[in-house]
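For clarity, chains are labelled A, B, C and D in written order, and residue numbers in each chain start from 1.
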Amino acid sequence: MGVVIINFKAYKEGFGLKGLELAKAVEDVANKVDDYIAIAPISLDLQRFVNELSIDVYSQHVDAVNFGSYTGRINAEMIKEVGAKGSLINHSERRLKLADIDFIVDKFKELELVSVVCTNNITTTAAAAALQPDYVAIEPPELIGSGIPVSKAEPEIVENSVKAAKDVYPEIKVLCGAGISKHEDYVTALDLGAEGVLLASGVVKAKDPKAALEELVGLR
Amino acid sequence: MGVVIINFKAYKEGFGLKGLELAKAVEDVANKVDDYIAIAPISLDLQRFVNELSIDVYSQHVDAVNFGSYTGRINAEMIKEVGAKGSLINHSERRLKLADIDFIVDKFKELELVSVVCTNNITTTAAAAALQPDYVAIEPPELIGSGIPVSKAEPEIVENSVKAAKDVYPEIKVLCGAGISKHEDYVTALDLGAEGVLLASGVVKAKDPKAALEELVGLR
Amino acid sequence: MGVVIINFKAYKEGFGLKGLELAKAVEDVANKVDDYIAIAPISLDLQRFVNELSIDVYSQHVDAVNFGSYTGRINAEMIKEVGAKGSLINHSERRLKLADIDFIVDKFKELELVSVVCTNNITTTAAAAALQPDYVAIEPPELIGSGIPVSKAEPEIVENSVKAAKDVYPEIKVLCGAGISKHEDYVTALDLGAEGVLLASGVVKAKDPKAALEELVGLR
Amino acid sequence: MGVVIINFKAYKEGFGLKGLELAKAVEDVANKVDDYIAIAPISLDLQRFVNELSIDVYSQHVDAVNFGSYTGRINAEMIKEVGAKGSLINHSERRLKLADIDFIVDKFKELELVSVVCTNNITTTAAAAALQPDYVAIEPPELIGSGIPVSKAEPEIVENSVKAAKDVYPEIKVLCGAGISKHEDYVTALDLGAEGVLLASGVVKAKDPKAALEELVGLR
């Protein structure tokens, strides 16, 4: 009954035809559950995935620019036109300056795009909440890719992030990431007050990604 | 008889449906002349433009990464799979670190992608040539978007860039950019030893882009 | 009765022997008033200015690193050892990633250094306040170096920034910058709830910097 | 009979009073040999180390800016005025854009500062040589801090870097770095055509830095 956003990163398994196949497996699972499941593929795949899938597709990043004389940048207006639902912003692998996060979140409101601002601890979660994005996704850097679920290893981080974020902006929804792949860890995250999880390798790099996702949402 | 690469930048006129329409106009002109005319759209459009056009499509940028745990990055392998011919690298609006330019040029050779390294003066042109890319595109920053053609304002920069680049790597091809929109400036660039030109606003922001390109290549 | 921090930037007039002379003029004025007047010189001058002056000296920037294998970086521990009182953080000319601002503010608390986080609007001011620094300094980018005082042109920005910041972290002190050089603008800033001002060119680039500062604090 | 430049990095042992003590130990060794031995401390220490030492002092980094409205940056003119001999440029821990390396090397020539451009392989060494700096310092990234000397592990990299650099700019001097701490490795580097070595942890983090340096230059 939660939110699951899967970041395909620049994983070979998440790009191009393989990525589309993976995305369709995700769509299959999404159609069987009440959880909100969405994906974030590489920019090159965004348009195609939007066209070929019924689930929501997010960008992994947007740049803090308008239309104009910029080379090699994509902006909020562009991902909107292409049909993206929103974007990850300030992912740990694509950190942004504070003023740029603010610029993007603001633009997203205007365009009715969903903003998912990634943070690394309770304090930056509170700071991000002050910008009033739709979601904040807390990922303790020491747990990213560790296989150790944040909801088990540091439940107080999840709990206190939710509290800190809602104190600043009550409407915000909090996701947690880092190390989550089992159903019980997902459930624990929800119990701790999170709306859901932000995943990557746990699904994309799994031997059987579809089975991994089914396991996560409790279908197995 | 030269090379014309048109950078669509993040111009509103060069993106999405408008961008595709513009790209088809470019294709029409390309079919009427012997010049090699190619375009460089935004990453979100790359795949679609490749599919719908017969002219070569370049990326505006690639990141210096392999496949893996990177968010919001695109690499050489990806643009290859999507069908791009190559990419602009180190554009003045997307400058890269020296080690990253080298990484990308190297990867492009392996993948048989065409590398177009942008530079800002004669010395950086020589430096870029030492990395042995296919093209180096010299754009004096003071002339970018000025409407003053480099081939007229600073012919010695074009001439000496060609000389400097070929001294270091004889097989290299040199483009020049900045301010070129008229046929005579294009011809002058070729006369000065350049293989062609790198354009942007001169075509994309023209009132009638097709007419502007026809004028440039001497059809009007 | 307010706070005046003067950023010497990389102005020729604010560096080396000229900078020291300027700093001594600032010190003279500081000794005549109750306002808290401090300066922020270039890193190369930090140690010397601390040694030769009785007023507080701030760094213009610190990097978000510990001691270790970093080249060309300065950290919080270093400026502490050298005798700096604190540092500007995230100045508009040296913007930082959100996670790095948080790292630095946190380290400053541990080392009892004074943190002055610069922001560009009300929302980023609230976000910075969530990190609980000593000061937040709001500088609307469109007014920087304009000669138009923020306290006159956009009084509501000052007022609302103070409100937004204190809502998030009541102990915070708010400075405002951009365009302030006259006494009445300084007084207005204080009346609007700011603790003081962050200045640069208004003093450093003035024909007579000492007179400019005296004017600002109401000695003329 | 070679060149030894010691990068003090942001090592605790290389900063402040400890750093000065270390620098004086280096000076002692320098006075006993014909080798040219110089150091590169953190910017905060630059002025003081220049004043208190007879050996040449280099900056670890400079920014590609002139005097002006820049915060938290140091430029070539500043380190010249402070008495630095030159600077490391583009160190692997402080990589720069190609156009910025060019800007700095150019400015250094005008100011008669010694430029030491760091590179990571043979191709980037050739590219850097095209900018005509005084020195290029090649450090294969995989060997940095490894304890494995480049002159032993990859002698052909040293040899071919020297060749590649001198082909492009015959007057250039080549240093090599990464893993060098023993006299025989230093001698091998010179035999392979390098003018000397760029060191850091091998001396600064040694239990007895003075003994380590004496060993390196063959005094033990």
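Assume a residue touches a chain if its C-beta (ideal position, glycine included) is under 8 Å from a C-beta of that chain, and two chains touch if they have at least 3 such contacts.
Since this is a predicted model, take the numbers as computed values, not measurements.
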Cα-superposition angle relating the copies subunit C and subunit B, to nearest 5°: 180
Chain at maximum distance from subunit B, centres defined as averaged CA atoms: C
Subunit D against subunit C, contact positions shared by both copies (same if over half, else different): same
Chain centre separation (subunit B, subunit C; CA means) in Å: 43
Whole-Å separation of chain centres (CA-atom averages), subunit A against subunit B: 34
Sites on subunit D at which at least two other chains make contact: 92
Overall pattern in which the protein chains touch one another (line/ring/star/complete/other): ring
Chain pairs in mutual contact under the definition given at the outset: A-B, A-C, B-D, C-D
Touching residues on subunit C, where the partner in the complex is subunit A: 90, 92, 95-102, 106, 119-121, 123-124, 126-132, 164, 168
List of subunit B residues in touch with subunit A within their complex: 7, 9-12, 15-16, 42-48, 59-61, 65-75, 78-79, 81-82, 88, 91-94, 145, 200-201
